[in-house]
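Notes to accompany the following structure.
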């Protein structure tokens, strides 16, 4: 049941509206004047000044893949992140690790790992879901490009952003 | 001429009221102000019963009607200046102003009867919705009619004619929830606008040929034999086409049946009386300068013949009374056109008065009956049992429309035929007489339904006091004028 | 030089075009437009005549121009009512075609 | 005013002579072609726009006849208001182009024939009308003040018709409000 | 004389159009952005060039270079026609507005027609076609609604627009805009009566209706130019941009241009009608030397700029009206106010000595 | 008194419509009217050709239109006829099963209209009063008729409406043909104008033709007669009595009143046409009558046929024949009313009027048979009954030839043929009487009862009038003749040879002929003495 909110009864002076308008104009003019005279503290001058230094630890920037100390790509191509990704920005092509490899018991590695940054919404669910702690949201927030293709981060690019992650989970190392 | 006592009495009263003589334009202004006041009251007094407005309007119009008998004469068109170039207050116009006022009063009375129907066309609204305007608009129409009959300049004719027409647009489509009414409104609008276009173009040509729009000076200009008449004639034909639409002459009658049937019944009555009368007044005024030209007369004779034949023949098979009256209105336009051909102003005038009485009478009954039963002729079956009063009124109306002696309708036809015979318009007379026979058939069909047929229902039809009074007055005057026509003839003479 | 006849002819043609439109078209809106054409053709004639009949002051005959002024006003009012009617009809019938408006028959 | 040193004579010279035939025919053709387009077009919007163009041509013709006031009024009222109203209604009702229906050739031919007869009649009268062969006389007076002249007539001789037009507009307003009111009081 | 007239006219047209209006439009856009930013405690565009002054040029390039697409369902011809229709009236209107006194003896008005203000209204009223046609031809619901709103809004406010200036012309007795300016030079600006013959007390009495007239005219002008608080046809929040939702690139730019040109023209008309046009107390007119002629032009455009700034100020102060409020305001308030105002002036005029 | 006779029925009709007891009021009114007519008859100044009891109310001075009533001999006879038949019809009507009030009101309206038409001196009201009867007739036949009443009602109404409008045109033309100075609706003024030769011969021809057609339709002149039999067959008995007996005579009255005195040249011009048509009435319709198989249709046709004789009298334009025509009008009115009354009563009792079903009714209904016999004999024209006098005068007069034709002229041929008409009428009348009342009484009619006493009064009244008139036609002749004398002598010198009746008391009109005194004594006068 909808409730009808009664309109307030206005006095004739209020119904004239003009004083209210003038008051409004005065307010906006005050802001204008203060700005003009430099009294208003303006926001950060972005390209010159950046947030980077003051970004918090938990800032969610561009997602990236990381390697471990051994230089191995941590990702095991389990595709959980691909599955969870709300905008479906992640695309993974798993590849088999040959038995001769040192990490043969890991079985799989991402042969291809693309994140479409046009789609990505920086929600961080991939990071959260990753059992291998292989994907992290970094602090890069100015992701730009000239073409759509450029905006698709492939494995190399992701690894480049991600770099090496030290000593978090050493599961596979311990099991060797 | 010997003054009958009551005329002498009127003369005395007139003399004694010389002091407070009214000029003619004040009548229109009074009506206009009345209309405005009613509109204002309508807008701001939302609580009152809107019928009070109708009664107020009737009372106001009645006052103006009385006042119209004490109007000072206007300067003759020959030495008119300024304002009087457009406006004349001769006997003829004063008479038709009274005519318009009377019509409006009766129509307003009908409208009070019709109010429930209007209400039902505004569903979901308060019971008073739209009524105020319904009562106010006829007043403005009345103003237009009053101006129109005084107009002696094409510009003024155009303007006042349009005032009438536009207010009729609204009135015709007033019950706007009814698609039939809307269709009628649209048809009326389109064809009226078409006729307006013809009117304007015709006026343009007449102005171009003569350099005048004033009818009086136009006469002088046309009398100049050096002038080439073909251009003026083209203009006249175009104007005639336009007026043909207004008076519903064949072949410009196509709107009439649909609009008459679709419009709210009081409006139909108004349309068939007010609009038509005004059209004829204008026609008479406009034709006067052109009757010098023989082509004009031939043209009008042709139109009159077609109108007579079409109107009467098409009326024969009608089963809907409103539609029947529509065709009969076309037929009556034919008879009136005979009078126009002969240019017998008084015959046309008398016919119009008779037409006013009998048509309004028929419509007044129709409105009351239609709300109880319907508009078909078969709905009138056994009316004589259900309401002897209404049946008798309708009988008088129909009999008068058919042209039976001792009713005004007969005298109207008598004067018309008299004029035609005097001018030896044999063709018109022959066709006229034959069509009168047709008329007897279709008007008596209604009488037959009322008196011969037995009704399905037998409950009484109530008639309220005001309507009863109005209908009685109409009956009495129909018969009275059928016996003693002199007042009307005298009214025009001075 | 252009003569009065040229203007009259042009106005006559426009009038006929409008008339043809009224008779041929079935869409009420277009019919209303054609009516406007006719009225304006008449106005053109009037203005031409007004310019042609120079009055003693050496000015055009302004009477005709005043008339044109009235015609324009009235036509505007007419159109307004017409369109309002049209809208009302459309609400009732969902059509503006003349052919569909035929519940009233002979 | 005209003598003031600040305001030399109007930039548009007082046009004492009628427009050149070339321009006249240009505007006349514009008006006629678009007038015909109104009738021929099946799309109501196209019709309406053609009508606007036709009216602009007509306004130009008015001005060529030294009727500036009327020319401007023509644009103001018709192009500016009436046609906008038309467009508004067309859009409100969302009228699309008519579907091509089978043309009733007889009716069409009849309609065209009637219009042609009308046209022939008019042109016949024009050809018979001696005045029509004359060119327009020169204007000794100045039409620079035609607004004032028209206005003076409106408020003197034509005062009564003027006021009646006022009543007429009032009635039309009432009518429009009544007819298009969706939820009546 | 003839060739001289033609050449000077051409020069004036070119000068006004390319030297004044088009640059002005671009910089008004810039100013709008800056002003809005300032009012909202921001800086606005300040990168391109010193203080962002080259921003408009960059904008032009941006608009020119953007992809120009036509929706599949659109009615192509009208879709292309509409933006052109939107620009033209706004620019044509400026022709009758006197933007200066004289320069080398040439009057600084392109066409001094005797029906000046009517011309303005007539041409300005054509502006609506661009919007309506654009909205309709896009064949999309938001533009369509915008077009419908626009046509109704323009029609409604044209009335009060026209009625509100009648008092001015009742005083001046002439529809020519140069006469309005001349009158104001002699008798003082209409809403600033302290110039001219300001000692005349009757003039001060007339100021009251003049201010009403000005207010109504200006508010109607807001509506006519689709400025907030009357920007219902393009209301972003409701209609996602209204009639120009489907437009991009240069076609969109034309709409943009048209809107701002209309604003400039409107301001110019306001200045001419109520603020004495190019007149400023103490500055003689162009017949005293070309330098004064130039100064007059400068004064005029300064005034125009001030009015435009006021437009912006209003825009960023007031919220948008609801559609029914807009209609009610136009028909039930401004219309009546303007009418009463006319009667008021008519009542005052016969009883006061000639002012 | 004249006004009283006119308005008594009308006022009574209005009273009845308002709600007065129908039959009583109607009876009272018709009795009053009848007695007023008798009073007029008694107080009539014999031997005068002008109008008496003139009263006048101005209606429209500029048109010279006034409501003027008065009677001369001709009018008085017609009024008397109307009142007698009205009384008989009203009395005969009895109880009506539906809309009783309306029935009597209509009946009285017809009567009032007829009386008004006969007593009006003004042309306009002369016409208008007749028309007043039109709508009541329509209603009476339509509502209370029998058989094919709807078609009959429409037919009679449309016919009469068109006829009367043609007549109206003729009257308007007549009014206009007089020069403006003497233009008037007053018949007397018109006569004066005609006496001065102010109506041009050309105009007379046109007007006469219009009047002839107009009146002819009203009187059912061949070939415009087809409405009559059907209408009479369908109408209820009182209506048939009133219409056939009285109202139809209006046309004849009009011809006598207007066509002959005012338009002699027209009458002369169209004589041949008229004679041919009236022979159509007598011979053709007579033969058709013989072929009828129903009593009501037979009576209807017979009444049409008898009009032929009257037309013959009028056409011949001799005083003798015209007086005879008037006498026959009166007599026929009575006799046909009587016949229709009995026929209506028969229908009421038997439910059929087909000859083959009837027969031998005189045995069960002796009174009706007797009365019907009187009617039949009167219609045939047996001496001693009223018709005889009229017919014989017409034959003599017509044979004498009013228009001064040479040799064995048209009228003599016509008279001879018309005499054959008598034979024809004898054939069908006697046949009808035989079929209906003589012969063997069929079983189904055994239980029929005769007219009840109440109904015998009007029948007796009619029979009495027939007899009385048949034996003593003299007062009537003396009443009528001067009027015609005035007419015929007033007009033109070439008619004067034909004047057969000179009477001392005739007021001399201005254009009185030189050899008036030598004219032979009229047969009628001799007969009457």
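As written, the chains take the letters A, B, C, D, E and F, and residue 1 is the first residue of each chain.
As a convention for this text, a contact is a pair of C-beta atoms (placed from the backbone, for glycine too) under 8 Å apart; a residue touches a chain by one contact, two chains touch by 3 or more.
This is a predicted model, so every value here is computed, not measured.
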Shared interface partners, meaning chains that touch subunit B and subunit C | D
Looking at the contacts, which chains touch subunit A and subunit D alike?
-> E
Taking subunit B out of the count, group the remaining chains by whether they are connected through touching.
-> A, C, D, E | F
Taking mean C-alpha coords per chain and comparing to the overall C-alpha mean, nearest is chain B
In terms of CA centroid distance, which chain is the most far removed from subunit F?
-> A
Which integer distance in Å separates the CA centroid of subunit B from that of subunit E?
-> 52
Any idea how many Å lie between the Cα centroids of subunit D and subunit F?
-> 72
Which integer distance in Å separates the CA centroid of subunit B from that of subunit F?
-> 43
Computed distance of Cα centres, subunit D from subunit B, in Å | 33
Give me the residues of subunit E that touch two or more other chains.
-> none
Of all residues in subunit A, the ones touching two or more other chains | none
Using the touch rule from the top of the page, what residues of subunit B touch 2 or more other chains?
-> 155, 159, 162, 166, 169-170, 173, 176, 205, 208
Which two-chain combinations qualify as touching?
-> A-E, B-C, B-D, B-F, C-D, D-E
Across the complex, what residues on subunit C touch subunit B?
-> 8, 15, 18, 22, 28, 31-32, 35, 38-39, 41-43, 45-46, 48-49, 52-53, 61, 63-64, 66-67, 70-71, 74-75, 77-78, 81-82, 85-86, 88-89, 92-93, 101, 103-104, 106
Which bits of subunit B are touching subunit C when the two form their complex?
-> 154-155, 158-159, 162, 166, 169-170, 173, 176-177, 179-180, 182-187, 189-190, 193-194, 196-198, 200-201, 203-205, 207-208, 211, 213, 257-258, 261-262, 314
Contact footprint of subunit D on subunit C as seen in their complex | 1-10, 12-21, 23-27, 29-30, 32-34, 36-37, 40, 43-44, 47-48, 50-52, 54, 57-60, 62-63, 65-66, 68-70, 72-81, 83-88, 90, 96-97
Residue positions on subunit D within touch of subunit C in the complex are 18-19, 21, 24, 28, 31-32, 35-36, 38-39, 44, 47-48, 51, 54-55, 58, 61-62, 65-67, 69-70, 73-74, 77-78, 81-82, 85-86, 89-90, 92-93, 95, 98, 107-108, 110-112, 114-116, 118-119, 122-123, 126-127, 129, 131-137, 139-141, 143, 146, 149-150, 153-154, 157-158, 161-162, 165, 168-169, 172-173, 175-176, 179-180
Can you check the complex and tell me which residues of subunit D touch subunit B?
-> 121-122, 125, 128-131, 156-161, 164-165, 167-168, 170-172, 174-175, 178-179, 183-185
